[in-house]
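To keep things simple, chains are lettered A, B, C and D as they appear, and every chain counts its residues starting from 1.
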């Protein structure tokens, strides 16, 4: 991918996302969720989206707000049901949104496969369960595996800690989660960061997502949100 | 309290002792059960604790044991839950609860984290369960009720990934129905994956020719056989 | 020297101009050819240069073009070859030649590096070749001689990975045999993977219905057709 | 894997490697090659080894010395032929060593699969070439792929820059190469490092190989060797 664009606003960053797109959305619960990009996507108006994300939204912010706005046709995720996933729950129980439950490891590995040019792989998870239904299976070295196909995104919306001006990314703690995998699995990767630093100021040994995977970067104000489960 | 751990200290591991019936007390509380399980975690293990009750086990692992906690959202070396100023929204466990970082921690992305699990590198994981079958089948992700929203998370990956998969649960449901069963009626998480089941009423080895009871609390082996409706082997 | 690049500047890209015959001079040297190719590398590209002649291309890429070099042994942002004190045994290119690091560089392990290649993320790679066929087949890893020791390295991964695979080679072998051929006689590296062939005598587009010649140096299109033994299309 | 052992000498580190073992050996040319461990392995005496490494030795040091000592039955590698691979070349041309040439990306990805619990995968490389012979192929989404199986090691011998006392590793520059992949693909991973640092002194965001993949660590004197191609 050619040189990364540094944009001024989240609205510019999400420009051009088409109706019907498959959008990979980073985050594990709230950690690493690209709130500003999702809010901009709601303003931008794209609809009939397929969302790939670990969860299906918390409270009424981020992904939950996108769902509430009625822009999502289908969700692929591992864990939609959470204590504060009522927006999704209502849509699902009303039959207004499709759900495909994917074991978390398959979700990650299938996106990794998309980024790595793997056509399909035999994975060890879900053998003998209802989530194996309809999947090809194969015994290799005496163990049964299921054939899993890549999950590609038209877009990825992710959050990282810092970018340099070339678009190299570093993350913070467990907010790293799906960001690096989604960045490589999408045709266009859009990243919100807490800050853009000069090229050369990130340790080359510690860059997690090289700029080749990053198309658009926007710096946002530091996030403020309530942490679920905090005591 | 020493008696509580008769079936569980590192020095006096249940595998090497006969079955013990603790009839002088009632069933274990979940905190006591967490302590029993903690005593069975080998020194220096890489350990994943499932969401819910199993997270209590961490409170009972002495630092000198050198056990390193994995959380599937991308970390080894997870510390205790965060309090007050320690809370950092970028640092949570798999249950999305804020946690802390210990010296020697490392972070990695989700594909690397699940590669670690699925590649068989974790020594032990402890999961909650709706049901465990005598053959080691695990059901812990879905009640199978038509109106339930399915949510599997990392449960199926953990079930097949760790070298040793332990279950921590109450032995009976709120209505008294046994959760250790001949065959699971709930949708499966993994096939034949559980090696040992830790419950308030007893510890059971599963996946072999017969279910072996290692210890009981507040109930005899004979009464357990009756309530579970299955034969239980003991160790002399 | 301007004329040299008639077929190769960013502003005056051969795709948008007619075929140019440069008959007032001889064939290009490999350095001149490297300069021609460099002018065809799009701004901001992620570029991999194969071992041997293609590494010369880096010397002709102006910094303001923002091209970022990938080396398959685990680096983006590779700089020029290292000299004297710059030499660090831990920092080499794919040809094991010591190189330098530019600001904004990053390091990654081999599986990540080849995932980057095989996943189609590199914009361009330029490889040497023994033979290229009219349909874009590439042969550059093995002479097929019975006593040759086979060694493929990353050639097959590069051949199928980059969005645009260019070849840099002399058009004829030392014995005068054409290396742009109807069909490769050497063992293949990749099938139909090459889009354009840059040689001392001309630039050719392959993989379409016919081989299109974009420019020649020191030889006419008609003479090339005769020496290659294949029809060549031109662009008006 | 249980707690990492910190050992005093390379000889202790390679103790117990059995005849007939498959040993993954890190390095790309000389960068990242675990010289001290290989020298210790030569002293240790294990023979009839299968070696998986990118190259087949340079000059008469490292892997080339192991080959010269006659301990290797078979080499899986991507690029045996180099300007200074004469030890291998002579053995091979004399029919005294087996060679399996594996494209470099398959070598890396097949070891990654072994570490990640993948039973097999469909890869894009070598389709239509002589290296596809005998491999299953499959067309997925209109593109042909070859079925590739994991490469597991009984042992990995790798080199890293620093380890902390738990066994977490960081590398230096392109010497990282195959180390992280091999560490995860072997039953027992043995690492030589330039230094062992206190636990807590490595940046947790920059640890490349977490200690879970590391069984034995030995600190060695800084390496001195001639760089091929230096000008």
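Rule of thumb we're sticking to: a residue touches a chain if its C-beta (ideal position, glycine included) is under 8 Å from a C-beta of that chain, and two chains touch if they have at least 3 such contacts.
These numbers were taken from a predicted model, which means no experiment stands behind them.
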{"item": "Remotest chain, subunit C as reference, centres from CA atoms", "value": "B"}
{"item": "A-B or A-C, whichever has more C-beta pairs in contact", "value": "A-B"}
{"item": "Subunit C-subunit D separation of Cα centroids, rounded to whole Å", "value": "30"}
{"item": "Subunit B-subunit D separation of Cα centroids, rounded to whole Å", "value": "36"}
{"item": "Multi-chain contact sites of subunit C, meaning residues that touch two or more partners", "value": "101, 107-108, 114-115, 117-118, 161"}
{"item": "Subunit D: positions in contact with at least two other chains", "value": "109, 112, 116-118, 123-124, 171-173, 204-205, 208"}
{"item": "Touch-based graph of the chains, sorted into line, ring, star, complete or other", "value": "other"}
{"item": "Pairs of chains in contact (touch as defined earlier), listed by label", "value": "A-B, A-C, A-D, B-D, C-D"}
{"item": "Residue numbers on subunit D that touch subunit B, as the complex places them", "value": "1-3, 112, 114-118, 164-166, 168, 184, 199-200, 202, 204-205, 207, 210-213"}
{"item": "Of all residues in subunit A, those that touch subunit B in their complex", "value": "28-32, 54, 78-82, 88-89, 92-93, 99, 101-109, 111-112, 123-131, 171-181, 208, 223, 225, 227-231"}
{"item": "Subunit B - residues contacting subunit D, complex", "value": "42-46, 66, 68, 70, 76-77, 101, 103-108, 114-123, 161"}
{"item": "Interface residues, subunit B side, partner subunit A - complex", "value": "71-75, 81-83, 87-92, 95-98, 101, 107-111, 113-115, 117-118, 142, 147, 149-157, 160-161, 187-191"}
{"item": "Complex interface listing, subunit A residues touching subunit D", "value": "109, 113, 116-124, 138, 140-141, 143, 145, 149, 170-173, 176, 203-206, 208"}
